[in-house]
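In the two complexes below, chain A is the common chain; its partner is chain B in one and chain C in the other.
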Partner chain A sequence: MSLLTPNRFSRIVNIPITLAQTELRRSKSIRIGDWAVKLGQKLQVKCLTVHLVKVLTPGPLADYNNTALGMASVGVYFGPMMCSPLVYASAGNVGAFTVNPFTTYTFLSPGIYSVVLSNNTNNLDLSVVVTGSLKLYT
Partner chain B sequence: MAGKLESALVIVLRDSIRWESSLDYGTSTSGTLVPVNPAAVFDPQRYQYRDRQLSYRDLINAAAIVEVAVDVSDVYNYPAPKPMMEGPVWPQMPAADPAVFPTSGTNFSQVRHVGNTSIAYDAARYADADLYGRDYLIFETLARAAETAFTVPSITRLDAAGTVIPSSGSTAWSLAQGQMLQSDINSALPLNRDLFKLPDRNLADRDNQMAGYTARLLQVFQNPFAFAERLFVQISGTEGMEPEVYALISDDGVDRTWVAEPALSNRNQIKYSILDKTLTWTRENVDEVHVPQLYAMSIPGIEVGQTVDTIPSVPDRKDAQFWRAKAGQIVPEGQMLTDGHYLNFTASDAASDGLLQIPAASMTVPDRLILTVSSGSLEAGPHRVSLLVKPQPIVEIAGASNTTQTSGTLGGATWETNVASGAVAEQAYLVEGGDGVVYLAGTYLPGDVFYGTSTSSVYNQVGASASTVRQYATSWALALPPGAWSLTLDYTNLTGNTTGFGVRAEYVPSSSSPVDVIQDIVPLAFSGANGDLVTSPPGYFDVATPDAFRLNVLWTYGDGDFHLRQLTFESTDNEVGRFDLSGTLGTGTARVNVTGQRYQPDVMKLDMTSGSFSPVVLTLQTGTYAELPLQVVQVHIQSIGTYTPTALSSEFQGWRQECVERAERAVQQSWNEAVSAYRKIGFPVFYTAGTSWNYVNTENWMSVVEVKHPRLREMDYPAQITPGRQYEVTVAPVVYGSDTYQAGDKFYGVLSTGTLVSSGSVKQVGAFAKAKPGHIGKPCLVPLGIEFVQFTDAVIVNLTGTLCMPIIAACQPWMVEAGFYAAQSDFWTPDFL
Partner chain C sequence: MSYLTESKLANVIDIPVGLPLTELKMGDWVIVSSFKLISPMKITYQHVNLQLTSCSVDTGLIAASNRVFGNLGLAYLALRLNYSAGSPGASGALDSFSISALGSFNRSGPVVTLTTPGIYSWIVANNMQPSSSSAVPTSSSIDFKLSVTGAARLELDSA
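Showing the complex of A and B:
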């Protein structure tokens, strides 16, 4: 096993993901951050949590744009396509939901990776918090 | 065995053996000592050299002890005591020199020191010979024990036949007045007894230390269960289980207990009773009790013919399939996805409605697409439908996918020539040469076009000079998003000679006049061999509405046999499109409303709950947006359930990830072996045409990866039985060689047994299987340097040959399209908690 030298350690970047409590309007998404992964680099998702604090629109049942992603979801996307996150946490109701912290999601293919928070309903406004951490090995 | 050296256990060990004045002087290779001639003039230096050489032999023994102790540590994870050394020494004692070591009947551990009445030569004749013999005895004892205890002995015996040191005899170790004195023979010292005796006592002390270390190692060999912190155990016989590592989890002074990984309390366990010296195997999931057995490396198991064998070797490297099995032993908590029906190619009869393109069924505008995923049935419950989709501004239509029933070779459309009277169908025909023809009371001269109807298939010649009739037009119906489009035709000549074809293409909207897309003023050139495909220059046209239109291709003039293989429409208007897609599976519906980037494959997930039904038909409907055509490349249905977690496994939630990482390391090690075997020169290059990569490259790469890793990938229908690989019976019975296997049985391919099974069918066993759309985010095996170039629909690899090391990465949609392999479900964990 190789030793973790200061030189190596200095090239491991911990990227915090934080979005303070935010009103997320229906059908909208917020791009929290983009990171370019170059050849030879490695991006790992260590933890990612979406906390659906409150449904701001009283009354109606959710009308989903994306049934599979619940009311709100935060995920890592590759490139501009917004179909399915490569890894995601989905809130189907009020509460905190996190990407499985016992699994390491590793991305090595060069490209731009984004963390995007989405309101997957078209009739509810939501109050949402996102926290998380990525690790970029440069 | 003689000289087990138990009595040496009383010796207090020092943590190191000093180099002192040790001198190799041929000791390590020839095994001899500097000779002393009693008839010659007394030379104290010769006696000094001999003692120094004897001292060096102690260092050889020390090195051998270190070698064996390291192996003991590796095999049993027990920190066996070993002396620290002050320099490198080769750990192999040379064969005994008979001139120094007259053996026969002596007590090997005694030393006949010189006394006050001795002559100098006695020190060489008796004391040195005895010290020499002690070294030999220690080494041989250790080597014999290592040979007996280890599959691969650490050191080599000197006396293989047992003629020098008999296999039975005294086990008492003489201390031989050993004392640490660090004394040396020197001509400046008085010539008396102590000149010789004190250095010899020092040598005896060094021997005593080595004997003490050896005795402790022998204790481990005699009963490793009293010391081992790890056992490598094979349950053989009826079980046929793979060897497993058992780790020590408790030692309370009464019992020592090891448990197999993952170390859950209900896993396979081995218990050693320190008092009774018995071993008991507790087998998981079985109530039968194992009768305690007196300890031994191999003991009877629970069932008749079963044995519990402790393997005295370092646990071998396990393959990915082993870690797959290990991963499956812990079921995590959370949502579970189970693979179900899968449609890997949609450009087939499985698709109806929509637009059938060459690569896949598609919806070019808001449309409906019906896909028969399977002829089987779908169980009631929640399901996830994962669609591998690709927004494509390129629409490729096979020539044969026309509305005028014109077919041809390789999926193309071949214009019918020399249509005989009686063969006229509902087509447009061109009259060529002669005096013309009469069809349904109409007269058509050469160059005229008539339209066949279902009323009559017969035409008549007008005059004596016969005309020929050939097909004139073929039509396609489709719809495209509004905007500017180009059209190219891939065509060829099938028979006869021609220099080109006069071809006109017409865009015919439903409520407007035809618009020429390709004009026939200049013929489409053809100069190659018949059958060679030629791509026409592009023609351009504007699509005003997303409504269906007709595209006519008219062969207006020219010789030969016109064949149109493919029509390609392309737009550069929209890079991004929005898709509002709903899916219906039985009684379940779901919706996806997303944006898509052209060329970039992605996966749309539809979660829905449905009742049971058969066959499995998925209906997709897009609405509102008509910006980019959408190809539906693959369909994958998974059932959504909940894991039933393994009892008492709450501390093992990361186990499956651990197994993934171990599997990755195992694959990488075998890759390095393959690289080493192939050598760098001549190592396969996987990419095509520069750095391009597709599913064929993936197969080539995987075939190299599995050279040294036979249980790498699962394949449903292997072409043959390959030696070393494992197979599982899917349709019984399977006869391989002289053995018959039933469903679920597994067997290995054997070179001498052949490459074929004579009935039934099998699948190749492996830890990875073709990635499917539902596997996004799961561990996927890809080569280092692989890259999807966004915006160009290209997968490339940036490294070559030996550098394409397999690595585990989260599965992405383009990896599915490129045919990479994902870890089997035993490795999976819930996506989120």
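Showing the complex of A and C:
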């Protein structure tokens, strides 16, 4: 057990990830935040919540681009490519969904990490809120 | 007095409650931040800043009858549990912070401690409505440009 010194404490930062209620059109994505991790730094994700407030398009059943990601998902991506998220929370229906906060996702590789919110349906517009925090150790 | 350890600090996360400058139409509201709390987490909420930058009408003309809820000022930020729909100013909010003039206003207390599992939402609302007894014509929309800046502290292990 190591006690924190003021010097150590000053090098631990919470980076806010926030997107207030926003209309997210079908198949679109929004980049909410980016952070460049440098050599020797550590980025941890414990808190990332996507809140699907309502489905704005009445009627049709969801036509998914990617079934595993639900209607909407928010994830942390590495680099410029929109491939698999390193960690994500997905909303399959209306409500709030979060990454498992009791599992720590730690990233050490230098590079740019992005938080991206996606609408994974072809036919539904959504109203979505994202709230989270990344912890950076420098 | 217990000392702070690195492992303890790793379980303490500041959740943002923030909205960039946004135009909020008369009577409208928007969810600023949401968080799903599960046992044994704990959230403490104390500090938030609400800035009302501009109004589409002269605020001196706004009458008490223009307010949807008489005690919630021009605009307010409400904290609600398991919010799904409906006016956020209705009874049942866990906390509310209202402003009654243009400018920047800070909520610095009391501390709200939350441990009940559920979905917590911070909602900012325009508390205005048309009124025939007001100097503001009923054809005019009382819109605000406002921003919210704040944070709540999440402790993953409340012990």
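The rule is short, and it goes like this: the second predicted complex is superposed on the first by the 136 of 138 C-alpha atoms of A that agree within 3 Å, B and C clash if a C-alpha of one lies under 4 Å from a C-alpha of the other, contacts with A are read in each partner's own complex, and residues count from 1 in each chain.
Going forward, a contact is a pair of C-beta atoms (placed from the backbone, for glycine too) under 8 Å apart; a residue touches a chain by one contact, two chains touch by 3 or more.
It should be emphasised that the depicted structure is a prediction, and the values quoted were computed from it without experimental measurement.
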First, second, both or neither for A:Y88, with chain B first and chain C second
first
Could you look at A:A20 and tell me whether it touches chain B, chain C, both or neither (first, second, both, neither)?
second
For A:R8, decide between first (touching chain B), second (touching chain C), both and neither.
second
Of the partners chain B and chain C, which touch A:T131 in the superposed model: first, second, both, neither?
second
Who does A:K46 touch here: chain B (first), chain C (second), both, or neither?
second
Partner chain in contact with A:F78 - chain B first, chain C second, else both or neither
first
Contact-wise, after the overlay, does A:S109 reach chain B, chain C, both or neither (first, second, both, neither)?
first
Thinking of the overlay built on chain A, is A:P101 touched by chain B (first), by chain C (second), by both, or by neither?
both
Identify the residues of chain A that lie in both the chain B contact region and the chain C contact region.
97-98, 101-102, 104
Under the definition above, what is the set of chain B residues touching chain A in their complex?
332, 334, 384, 386, 389, 391, 576, 590-597, 600, 602-608, 653-654, 656-657, 661, 776-777, 782, 784-788, 790, 798, 807-813, 829-833
Contacts from chain A onto chain B in the complex sit at residues 27, 39, 64-69, 78-90, 97-112, 122
Chain C to chain A touching residues, read off their complex
3-7, 9-10, 13-20, 22, 30-36, 38, 41, 84-85, 119, 121, 151, 154, 156
Touching chain C in the complex: which residues of chain A?
1-4, 8-9, 12, 14, 16-18, 20-21, 44, 46-47, 49, 51, 53-54, 94-98, 101-102, 104, 129, 131-133, 135
